[in-house]
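Please see the structure below; I have some questions.
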Amino acid sequence: MTIKIQIITPHVTPRPHKLKEVESVAKANSDVEFSQTNIAEGPSSVEGSFDEGLAGPGVVAACIAGENAGVNAVMIDCMGDPGLDAAREAVTIPVLGPGETTMHVAATLGHKFSVVTILDRVRPLLERNARAYGVHDKLASVRAVGIPVLEIEKSQDKLLEALTAESIKAVTEDHAEVIVLGCTGFMGVGDVLQAALKDAGLPVPVLNPIQTTVSYAIMLARLGLRHSKVAWPSPDLEKGIKGYAFLTEGV
Amino acid sequence: MTIKIQIITPHVTPRPHKLKEVESVAKANSDVEFSQTNIAEGPSSVEGSFDEGLAGPGVVAACIAGENAGVNAVMIDCMGDPGLDAAREAVTIPVLGPGETTMHVAATLGHKFSVVTILDRVRPLLERNARAYGVHDKLASVRAVGIPVLEIEKSQDKLLEALTAESIKAVTEDHAEVIVLGCTGFMGVGDVLQAALKDAGLPVPVLNPIQTTVSYAIMLARLGLRHSKVAWPSPDLEKGIKGYAFLTEGV
Amino acid sequence: MTIKIQIITPHVTPRPHKLKEVESVAKANSDVEFSQTNIAEGPSSVEGSFDEGLAGPGVVAACIAGENAGVNAVMIDCMGDPGLDAAREAVTIPVLGPGETTMHVAATLGHKFSVVTILDRVRPLLERNARAYGVHDKLASVRAVGIPVLEIEKSQDKLLEALTAESIKAVTEDHAEVIVLGCTGFMGVGDVLQAALKDAGLPVPVLNPIQTTVSYAIMLARLGLRHSKVAWPSPDLEKGIKGYAFLTEGV
Amino acid sequence: MTIKIQIITPHVTPRPHKLKEVESVAKANSDVEFSQTNIAEGPSSVEGSFDEGLAGPGVVAACIAGENAGVNAVMIDCMGDPGLDAAREAVTIPVLGPGETTMHVAATLGHKFSVVTILDRVRPLLERNARAYGVHDKLASVRAVGIPVLEIEKSQDKLLEALTAESIKAVTEDHAEVIVLGCTGFMGVGDVLQAALKDAGLPVPVLNPIQTTVSYAIMLARLGLRHSKVAWPSPDLEKGIKGYAFLTEGV
Amino acid sequence: MTIKIQIITPHVTPRPHKLKEVESVAKANSDVEFSQTNIAEGPSSVEGSFDEGLAGPGVVAACIAGENAGVNAVMIDCMGDPGLDAAREAVTIPVLGPGETTMHVAATLGHKFSVVTILDRVRPLLERNARAYGVHDKLASVRAVGIPVLEIEKSQDKLLEALTAESIKAVTEDHAEVIVLGCTGFMGVGDVLQAALKDAGLPVPVLNPIQTTVSYAIMLARLGLRHSKVAWPSPDLEKGIKGYAFLTEGV
Amino acid sequence: MTIKIQIITPHVTPRPHKLKEVESVAKANSDVEFSQTNIAEGPSSVEGSFDEGLAGPGVVAACIAGENAGVNAVMIDCMGDPGLDAAREAVTIPVLGPGETTMHVAATLGHKFSVVTILDRVRPLLERNARAYGVHDKLASVRAVGIPVLEIEKSQDKLLEALTAESIKAVTEDHAEVIVLGCTGFMGVGDVLQAALKDAGLPVPVLNPIQTTVSYAIMLARLGLRHSKVAWPSPDLEKGIKGYAFLTEGV
């Protein structure tokens, strides 16, 4: 049986190269098939609660469409996990956010972890989520490199330099023992960063949120596990929704 | 100067009688003018995260429209506070959720409070919010009467009976000293419930979320206070949004 | 109906000019009447637990006298909230401490707030209260300007400079998004500080504890709310008190 | 060298028989001398925050007098620890509250402990203190026997029966593994209760707050330890106090 | 490349049939090879801290031997995770405890989970671990069926009945939304229990600790992740160990 | 009656001079008799979880032997408290760890305390224990001097200098008000450090873990208190242990 995992990018800027980021996972799991999709309507990138709010309905719609198309599990492609709770109510397949998933995995690899993200402005949001997810006690700090999402790909060198500098501070000043890359747009840098930190005398694991989350989704699918329907009960769709044609057509 | 407060009902079922619930507040604050509006698109009622996710963009749109129309502060008319963070980023006037506001006011009136709400299924959501709002230590319990939103108004007697029974358990078993009505659809029952509890030997304040929240909004408006723009920075609207005509037209 | 709010200064140094600090609130609430009183016996200023312990009985006495004289709500004029619990047991009108009130209001205006106070020696006391009030999770830090209470008024320039410096550190180093003035003797500086921080690129609200607390008292009075008598039950006065003539004569 | 320990009863009802309760401790520590004193002014018993507030100044005065008379350490004879922080600022000898001391000792004898006290109305106060003392995580519950302080001695049988019943519930329902007697007026019952619980198949230690606290005071005195003056700095007595002759005469 | 996972049973009673419990995992992961081993010296079963203490050195020895033999990751076969920290220092391959792993996975499948275990006496130990692992906020309760380890296999019917009864209470009384089987000796019952709960109207996932933990180990191995050596630094073996021949021979 | 206290050093390097460290305690308690013993098998020093794991069984064996020989209470001579839980199950006399004991005593002498220990690598372990012991809220920080256990005695000057520097930072930067010496190998330096801090204007108590813990043990012995057998129930020794001759011979 093939396991189908879909990456749902919660904005409208095309991101087909996300599939490149999971090639190593595909190689290690020959029975898994990955696909990527963007949401139908929403913002151009996600850098705060406003963007998240507009991304949510599109995520729900994509999850419903994915479930209908036979996808086995989906991953929301953003560390803020927009639409996570709503989507879990809407479908019965596992819906994974890289924020929740990667923070819990990090929590099992050290006593404390830090998240190194894009901009200072998303720190409160990530800290609030860590609290909601029950891993706040293990979060040493949230640090930011100060580079907006849409500029990440233009400045890989600057990005790597900033990630290394902030990660070193996270370990030596904040006492983190694990580093979580705090943006799913930080692609192709995890292994290089981990090597750079090791060279600096800091042998800490660096978690790539996309790779970690799809691997976790595969694990759940193989175990036959899904989110609790007592925790996220199905919504009453009979009572009616006005607008949101892109969503209701899929229901 | 007149202070304009708008109640934004985060679903599409008309709720003009919400203005009746604030008549006592209007009487006590002669310089305040209330208005009520529904969101343009979204669910028929809010009873979970799915409904909240679809309500969020409409709340943001209504807040932007309200700010443009000279409203001084808005209240989101639902205990789950859908769209709260997104709307605070989008505007600079105070945006108040009755969940956050009423729980903090309750926290100042006793050592512990309980929220008595509609259905068991919203308990996790309210507990998660209490944690995010930093008042979880003061929350004795969340209890439910087991009546869906759209049936509340048909069964006031049954509602009052259930509210009284659950509130008594909250005080005697969970050690609450303050009761928060856990649904903004629980109208016209706060005073009766408070009297019933007093008759039962339990002199505890009962907080009406609509009245408490609009009064808090008036207080902030008079003090010239608004939410921190360091906490909820303005979104970058230049980068573009696809769809959401009902929102982007207002920007 | 006129709402009568009394400011009880919990030491014996005359402070009639406290009424000047609430003039803006009086203007915005034409039906409110303010008065100020000192306690009958106690210390010359409040800068620690010893002073607070000696201030407590006088606060209780003043609250009883205030209630007897028809006052609708009282505010204890000190961030340490001396006598708060005792006074709430003694009377049935709302008794407000600026420490508890301002910290809860700050908690609703940002994810994290800092308190900037007079001396390092009161930090443990304010932190302990934040814990007791259930808002400790939202407290980024307590910082001090290093100026004793009785010298504040002589050195407004030095005060403002120190408040600005510590507030900037609170926002940039401790990640506060709201500033609470941590002494009710910090008069006439809130707006200037807020403007100075905005000029420094930090658009954070600055909470004036006196203005915030009396406004909150007015809100409670208008809503007909008071502290829970299950939380602060009336004391048994029959069993007798030795001494404290200034208090027992009022009972 | 003789170690002098003084028990300060924070109300005005004579309690010379407190010395009987420490006879076993005196026997085990032949170089220790106990004395007992009441405060000069205050309530007849302590059953809430009002009583505590009026007891505080008398406790401070007695501590100052004790230090001046060469006492090596004092214990405040009430589980609510009235006047504790103020007295620690006022003197340099150790000042111990049985609430703080016994809860910390209990925390080292099991994973969780319960406090069984007099009346439900002091539960919030004891819970708040547990939070302030940093032992709240180890507190399984606070339970009450429903007997006021001044009636305890008249009804030893009823007391023991209620203590046994509530302690059994604390162990079997709340998962406590240690019982703290929650009132210093519960004299002569600790050993009987411990035996009764053992007979019921529950081999849990029962802590007598007076005996535990004076023993802890002796330990500190022998180790030459005292409370941190950075935590409780000496008050500025030069700035003046109005009234409180019973205290200021001692300074 | 074959991934080799070893199950280390931390006592000396043979448990070859543990491999039967992972057959479904082996089927879903064709490139994985499982082995099982017991520790060389230690107790006959693990039912408390004494047993855990004696199991620890054997677990460390088995982990060293496993690493030397080319095993890719090991799982300690007991919910109390005996020897976990020591073994993580001793080797560089991932060492997984089912307690830590299953509780973190459960935390991602619902807001709250309960652990249903063998005996009441291990509850404090599991709660302490949940606190150390940073997932205590998500733990609704630890419940016990009251059957010792070595009798589990003799009484499957009684076990299933008790597991069902306690799980129903965990969901309806303690508000758990996910059930964790709290003993790795509870074999072959997870799916039946999940079905029984679904039939009772409680659609909650039931986590089998062995299957979940080995699947997590496979995920880590495929991702190339291992525990942080900053968190669990290698021990200084040069300084010498007396005794423990079964361990030092392997070093 | 003589009270017999035994110090169990949890490694195999002889430490008879530990008895010198308790001479002042012996002098203050003329009816107390001290002895010291090393464990039979285990590591040469304890500097992490691996060492702790190998020390545990020896600690248990020594506690059983001590109880059999009529010892009244034992202290495990290491701040990490290796073998604590296991030993408490194995015997009925009090078993004290200096980590747990000294942190709780420190918690009663100030609002916050810091632990200054040997190496950074034990910080996570001490923080985890603080969390398990329920005193984490009062722990300001764990700092390290960077000197391994077996070099401490060779470099007393360097040690004292580093202890002073880190303690000053703990008080001024981390807001500690009490210092706990974080290694039982830090002998003969407590009083000097306390004096040095006082000279630096920081009048904070410095806790010597050995002296504090044996004094606490004496206090418990005199009060007739021991650890709860509900918390640490006796192990079932009938079911059998393989190996561990040094332990089972003593049972």
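Each chain gets a letter, A, B, C, D, E and F, in the order it is written, and its residues are counted from 1.
By definition in this document, contacts are C-beta pairs under 8 Å (C-beta built on N, C-alpha and C of every residue); 3 or more make two chains touch, one makes a residue touch a chain.
Being a predicted model, the structure only gives us computed values, none of them experimental.
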Which chains make contact with subunit C and with subunit D at once?
B, F
Taking shared numbers over all numbers used, above half giving same and below half different, the subunit A and subunit E interface sides are same
Cα centroid separation between subunit D and subunit E, in whole Å?
44
What whole-Å value do you get for the distance between subunit A and subunit D if each is reduced to the mean of its CA atoms?
52
Of all residues in subunit F, the ones touching two or more other chains
111-112, 124, 128, 131, 137, 177, 231
What are the touching chain pairs in this one?
A-B, A-C, A-E, A-F, B-C, B-D, B-E, C-D, C-F, D-E, D-F, E-F
So in the complex, which bits of subunit D are touching subunit F?
25, 28-29, 96, 100-101, 104-105, 107-112, 133-138, 171, 177-178, 202-205, 207, 211-212, 215-216, 218-219, 222-223, 225-231
Show which residues of subunit E lie in contact with subunit B when the two form their complex.
111-112, 137, 175, 177
Residues on subunit F engaged by subunit A in the complex (per definition of touch)
123-124, 127-128, 131
Taking the complex as given, what residues does subunit B use to touch subunit A?
12, 40-45, 47-54, 56-57, 60, 83, 85-90, 121, 124-125, 128, 131-132, 150, 231-233, 235-236, 239-244, 246-247
